[in-house]
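Chains here go by letter, A, B, C and D, matching the order in which they are written, and residues are numbered from 1 within each.
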């Protein structure tokens, strides 16, 4: 059963006040808040068994290592990876993508090759590929989207060719909330033996993501956007790819032997985890996943879908308001503008009303360019948000318009 | 009027506005009245970094006093610019370069000028001071 | 005043039991425990102002950004950097060194060039340079040490030449506890215009480190080894170098504009902080630094020096025990073996006595090779350790010898 | 004796040893008695990964039964190897490949076999099973 009151009581910050008003936190695509169980888990860990993982002979190290490896198992189960070796702990989505661009890119991408992304990627899924392409003399190809935020999949047919080495695409757009048809894209790509990276930074917290069902080759996401603490992310990769890829960062923990003449690297997953990883971050991610599982991802999805639909309905009822990306398939996020009004002005007024939304380009400048705008007002939802909060938001927008026009 | 006298006057003007929305309404009003900058001056060179909203500024020296012209694409920012310019425009460059803009704190606007707001205002204030200093050296 | 009882009460885990015995935690070189003030700081942050930093229009984001940038200021003051732009938040020492090897290495190191390290570096300060050298066709040169763990500085004269592009050297050896004469080395290097990276992973928590006094060009260290939470580290670099170096990881937050044709990178320090950084990690690092400052780094140094001297005295009194690295200038760490006994056996027995020490090669295989051994028993100290704990350790070693001989 | 009978016997042997150091003394004793492996077998190929201590193992099939020889450079690990070999040596490959080594838990040694201990024992047990399975297919 989905008990919103229970859920809201799990998040201490949700009951805070801002300028004397109840906080309405609708900036969840930037980062989510953390339930007490997550905070308690890590604090308890530090208070009782903290110790550096692996290679320790003593009890604490053994406990800490087990907790860390259990966290990997929790992630594996959550995304339904085939094996533990397919789950790499990183710092964030951004690092996961940089790892891939470096390790996969340097191995498989040669001069004249091509990498396909979409027009609606987050900068973190654009720039690493740009840098790679520049370094290797390869080319970046773009799948465009239409004004409803729908990818022009037909164009993908034209873009794919023998030189295509990878397709990197977000599952859910952080700027528009559009859910992309990644399964279709993956199927199409695999017909040409092209691997696909899914940027799951905005899907993993909103809907069930099953890497075997999607059949994606890589999946990247961040803990901090799915109720875990900051500083931990995941790169999932099919074993065959990860096996073939060279290490990214190097140092302690990812080697089997080091000498000045020759260094041998460890197997998966250690090969990609150099130095002391953020093992407490990993444990917090596992705790967040347990929390989500307790609620059930389907319930999460349904609740947030309902919120989004309600918001769309309310905003559609307003004059002089433009919603960007009217795809029927959306989740978690909605972007809009009051016509003729700068989003930052609206944001400043909503702020004073205790409403935390984000304004700006959301690290997706090409999306803004598509619509010929500088930025949008973005409201993004989490499991603890309510219709009442949407009502406050809508009233706030009306108030802002009144003041600004 | 000297810089500190103008600050004093602004503080007095804002004092009766206790509620945030009264202040914002005043800023919006000031913003609407701020003369629009000619498009030709809205160049990359005159743009202050700030990814949330854009702020442009130019300046020139006239008889030892600095004349600023500034603009923004966001209305409330224009309002803040308007009062900033009230304070610094037409002042001697030595006064500007050494001024302490305490009125921002007093009327409760200083947080809008913190660098992390990324609205360009922090760079604007820095620009105003740097620019006054440069004019000082030039003389 | 240095009040050990007060300090011990600050660390909850210190009063835990292991196998029914009081925990004696002497594995601090691997990671330190965390004082309550650090844990409370981050928990409080999550409960009241958590929000993604920068570019936010709302109150929480403003608060969080300020806290993050204040953390940078705290680090800057702690190491006496000239400016905030010289302080880059990373994941760890390992990542800091990888960043440097990639960004500095790709810019300044060409075929035939040379990089100098020492025989006593941690793998994290060896392998990134090996990989760089292999990629660029450059060569790694090694400063050896003698059996007392003293670097043969004279050899450095011979190694330095026109092709030398960087010297990377640890301040304090994590395997031997030896304090290296980094100031002399830096002076020598600068006479030839060669920049120097100090790996401060084992010095920053034990002694005052002043980058202007040392005049080092780069300094790397990890938060988790200095009482902060996991997943945060620092790369300090002189502005002139950091300005000249290209970005390492790319993505959101480190750009000023992105288009498919051209992307412009932000200035320092953002240029090197791609994606969502571990901002709560940074805040925990600042809290840890405040804690250390409250005690005073000189007091920390004196206390730990006393502990080390006492341990040396006790161990010197034992037969059939070899201490590695008898340098007069040591701190924080001591490595030894019971002659003819495998360190792991000793570790297993100490473990059962509640004593957490580390055995193995400590990610310094070349050091082990130098002494012709597979590993050592390493005890490493923190501000909360006491003489009584050393006594328990010494009794434990005696007990282990008794059982194993 | 079958694998489970031997496990039962070992559990009985360890039962009186309540204190950890009694157990460890027994392991050390067993470790000292374990025959030393010929140096020629201590090859890279026979080495189990484990950076804390080294473990070597070889095996051969004789009349459908697997004969293992194993060694370590650490004494207590040798002791654990000694009991492990007691259980699996000379057993039919099908029994080994499907065995459940529950005695390790019962006598409180299982934590020593966890992968993160990096002492090579976890790989050793894996090797023993894999190897028995291979012999099974070969037949």
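As a working rule, a residue touches a chain if its C-beta (ideal position, glycine included) is under 8 Å from a C-beta of that chain, and two chains touch if they have at least 3 such contacts.
Nothing here was measured: the structure is a model prediction, and the numbers come from that model.
A count of contacting C-beta pairs for C-D and for B-C identifies C-D as the more extensively joined pair.
One simple way to say how far apart two chains are is to compare their mean CA positions; for chain B and chain D this gives 78 Å. Distance between chain centres (mean CA atoms), chain A to chain C: 31 Å. Centroid to centroid, with C-alpha atoms defining each point, chain C and chain D lie 38 Å apart.
The mean-CA centres of chain B and chain C are about 45 angstrom from one another, to the nearest whole unit. For chain B, the set of residues touching two or more other chains reads 51-52, 118. Counting partner chains per residue, chain A shows two or more touched chains at residues 19, 55-57, 61, 344, 347-348, 359-360. Interchain contacts give a graph that is no line, ring or star and is not complete, per the touch definition above.
Under the contact rule defined at the top, the touching pairs of chains are A-B, A-C, A-D, B-C, C-D. Residue ranges on chain A touching chain C, taken from their complex, read 12-13, 16, 18-19, 23, 25, 27, 30-31, 33-34, 39, 43, 46-52, 55-61, 91-95, 97-98, 122-128, 130-131, 140, 142, 222, 224, 229-232, 247, 249-253, 255, 257-260, 263, 274-281, 344, 347-348, 350-351, 354-360, 363, 365-366, 369.
Residues 49, 51-52, 111, 114-118 of chain D are the ones touching chain A in the complex.
Taken together, the chain A residues at the contact with chain B in this complex read 19, 341-342, 344-345, 347-349, 352, 359-361, 374-375, 399, 403-404. The residues of chain D lying in touch with chain C in their complex are 20-21, 24-25, 28, 51-54, 73-77, 112, 118-119.
Partner chain D is touched in their complex by these residues of chain A: 53-57, 61-62, 65-66, 69, 256.
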